[in-house]
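Going in written order, the chains are labelled A, B and C, and every chain counts its residues from 1.
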Amino acid sequence: MVGAAPRWMAPVALAFVAAIAFFMLVPLAVVVASSLSSSEFLVFPPRGFSLRWYGAVLQSDAYLAAAWTSIRLAVLTVVISLTLGTMAAIALTRFAIPGREAIASLFLSPLILPSLIFAIGLLMVFSIYGDGPSFTGLVIGHVVITIPYVVRTVSASLVDMDPNLDEAARMMGANWWQRYGLVILPQCRAGMAAGAFFAFNISFDDAVVALFMRAPSVETLPMRIYSTLEFSPNPSVAAVSTIMIGLTIVLVIALDRAFGLGKIM
Amino acid sequence: MLIAPGLIFLVLAFFFPALQMLGLSLIGEAGGLTLEHYAKVAVDNFYLGVAWRTLRLALVITLACLAIGFPLAIVIQRSAPAVRAALIIMIVLPLMTSVVIRTFGWLVILGPGGLLSWTLQNLGLISSPISLMHTETGVVIAMVQVLLPFMVLTTLGSLSRIPPDLDAAARTMGAGFFRAIGHVTLPLAIPGLLSGSLLVFALSISSFITPSLVGGVRLQVMATSIYQQVTGSFDWGFAAALSVLLLLVTLALVVPYMAAAARAGGRG
Amino acid sequence: MDTHLAISGVGKTFGTHTVLAGIDLSVEKGEFVTLLGPSGCGKSTLLRIVAGLETPDAGALSIAARDVSRLPPEARNVALMFQSYALLPHMSVLENVRFPLRMQNRYPKPEQIERAAAALDLVQLVDLNDRFPRQLSGGQQQRVALARAIVAEPDVLLLDEPLSNLDAKLREAMQLELKSLHRQLGLTTVLVTHDQTEALALADTVVLMNDGRIVRQGSPRDVYARPDSVFAADFIGGANVLDLVVTRTGGGWQARMPDGTIVALAPDPRLGEGPMKFMLRKEAIRLAPEGGDVGGDAVAIDAIVETQNYLGGSTRLALRAGGLSLIALVETGPDAEAADAAVRIAWNAADLVPLPGDV
């Protein structure tokens, strides 16, 4: 278009976008910068350059335990959520179940509820009927908040699948577990991978459910960071955070390499 | 069937706690059904103040996200594909990190020795260190950074459904750059802006981590208040009542949002 | 000579692909020009350049003697009717048609409404003013788009394949209406189409484009009778193209067909000895009864019918004559029905038109 936008719009738009980009990314950048500071206090600009905080983190029992808890938790969450969610997605997209729409909404309903409210409810249930918050309770909580993502991504994959594939397999004599194992599930690979990615990420990063289901022996990495920030902030927090950011980026890149982000997002 | 395990799990793990909470909120100190917990909220000035602050902050955050998100979405929508992909990554990447980490970053920026203070001092705008910690302004700034992606993504969805011919038509009919946006783009983007606003508002009022870390103990919002009740005072009936109230307001916002999103998705 | 729209030396390249090259065109005030050509020939791009929606890489544009090359679309007084109609979905029919008047701020609001209603009247759309685009049929939407394009009395009216989304019957009716509208309003009009019958039916001037260039330009009759190139002959009307060898004979010219048959040629300054291509329209060939008189200027030769397609009022015959394959479109009647293996065909010598241009 001739004169699509006024001349002065280009530099203004550029400045605006740059400002927003800065605003969005500066908290993360600051965290990374602080992790390399040699001083004991969280100030800006960070004084000196040192990797000592990474060393401190890697040697800290508390952080390592929290990391291990987080990883165990996330992996369990992914496995259970993926299983239940994939089964539900297959049932919802391939079979005409009465009340299908309503059931589909049910599976997506945890998305509507802020995790805060759910976490409180979960805590109350475990306290009244059980011994209070526990690792199991945390797993259950995380599975609930991640199932909708798995159902959504796997359903999307299934909906895109060519319906003729299954029929062709049937005509070639495959029985039901061969069809699912060799034809249908492989088609949902991208959807399952995306669902697993979301489930892992959400579980690993979650602070709210972990906070309410916090028990002495159960502390996740975000919880550790939160506690440290509440009471005695120091740059080791920044180091842990930077490691977590790095892990996220690695996961995203791995997912992109394996499946191509464009196809999933 | 396949559905059964997932469904049973959800019913037990999700709906049951929700119902449990509802039940708790309705059972009084002495046992028996009562609305006394809800009444406590209505008469106690402190909690009314907390509720009012929660709503007020959510409103400011939503308006800020609208003001920034709409122009940003337009820029992204009209950029070349490579630029658009980069901008979307920039928006989405913070979402992939834990909110604790992002909020931690804001602590370093907003605190007395932090980036903001240091920059303003070096620019000569202020003479002594300032801190936005434990202020409502600080909370709003941090929350906007956390929630802006939601506004931008829903708005982008709406914008991408507007046929490109419409803007060109408006231009040939005599509308300039801004008038074309005002008469054509904006009215047609309203569904996306509306659902984005509902989403941001709903997420704001139930937000815990950021108000808790940036606002501190003295700047209570609904979420931190509930946390206090549950872990501090152990007044679970009251906490349940507060939670149910929060849930009702959230549902009132999110249900129209999902309806609007479903309608837009179906038509598009 | 009142040049209203002058396009000089316009060129446009997308990446490595040259879409338009060296386009020169002048349109008089009130003239109806159609840009005709196959997909990808650049006609829509040229239209969009006139509208200001594409920026040319070379050349200049002037409207009503004013250089508009650097003006944005809203500053040129042109109206564009989009192939997709581009009706604003959130405004009523009346508001859509009123929009250009609102933007140009020329009249007070009541008069804007009056003029919009009058435009809708002109395109024969009654009682739909308060409806919304999604409530209208395709044909109705098209009329709204047309009303919107004429309401602001533009210097140039641009129409981008305005009838291509309509079914055949509606298209025919709309062609008549467009012609009538043009006569009533006298707007300088440029219409883009890939349909050659539409181009011939509506235009004062047909501009045939191919591969980013103007290949033939002229009145519909002129372009149809003397296409001057194989491409034009084929694109407009479809024709038989014959490779013949021209020879002089006494006071005139004649051509030799591949199997040696000699046919007479009408005099034409473009004739020269040697091989040459000729156009023979399908409808120019008729069946001549054996031994009958074919008329003074006519040429008659023997032919063999290979296939027939009954088309209702006419019959299409695939023939072999003079060593060439020919297609004829003859009137269905006793002669056509009697056609079988061997026939005699005839045409007027003047119907065998030389095609001097390449392609």
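The definition used in the following text is that contacts are C-beta pairs under 8 Å (C-beta built on N, C-alpha and C of every residue); 3 or more make two chains touch, one makes a residue touch a chain.
Quick caveat, the model's predicted, so the values are computed rather than measured.
Colleague: Taking each chain's centre as the mean of its C-alpha atoms, give the chain farthest from chain B.
Modeller: It is C.
Colleague: Among the chain pairs here, which one is joined by the most contacts?
Modeller: After counting contacts between each pair of chains, the winner is A-B.
Colleague: Roughly how far is chain B from chain C, centre to centre by C-alpha average, rounded to an integer in Å?
Modeller: 58
Colleague: I'd like the Å distance between the centres of chain A and chain C, where a centre is the mean of that chain's Cα atoms.
Modeller: Using C-alpha averages as centres, the distance is 60 Å.
Colleague: At what distance in angstrom does the C-alpha mean of chain B lie from that of chain A?
Modeller: Chain centres of chain A and chain B, defined by C-alpha means, are spaced 18 Å apart.
Colleague: Would you give the residues of chain B that are in contact with at least 2 other chains, written as numbers and ranges?
Modeller: Chain B, residues with two or more chain partners: 168, 171.
Colleague: In chain A, what residues contact two or more other chains?
Modeller: Within chain A, the residues that touch at least two other chains are 1, 4.
Colleague: Could you check chain C for residues that touch two or more other chains and list them?
Modeller: Within chain C, the residues that touch at least two other chains are 52-53, 72-73.
Colleague: What part of chain C is in contact with chain B in the complex they form?
Modeller: 51-53, 72-74, 78-80, 82, 84, 86, 88-90, 99-100, 103-104, 148, 152
Colleague: What part of chain A is in contact with chain C in the complex they form?
Modeller: Interface residues on the chain A side: 1-4.
Colleague: Using the touch definition from the top, list the residues of chain A that touch chain B in their complex.
Modeller: Contact set of chain A toward chain B: 1, 4-6, 9, 13, 16-17, 20-21, 23-31, 34, 41-45, 83-85, 87-88, 90-92, 95, 97, 103, 106-107, 109-110, 112-114, 116-118, 120-125, 128, 140-141, 143-144, 147, 201, 204-208, 211-212, 222, 225-226, 229-230, 233, 237-238, 241, 244-245, 248-249, 252.
Colleague: If you look only at chain C, which of its residues touch chain A in the complex?
Modeller: Those residues of chain C that touch chain A are 52-55, 69-73, 75.
Colleague: Please output the residues of chain B touching chain A within their complex, sorted ascending.
Modeller: 1-3, 5-7, 9-10, 13-14, 16-18, 20-21, 24, 68, 71-72, 75, 87, 90-91, 93-94, 96-109, 111, 113-115, 117-118, 142, 145, 148-149, 168, 171, 177, 202-203, 206-209, 213, 223, 226-227, 230, 236, 239-240, 243, 246-247, 250-251, 254-255, 258
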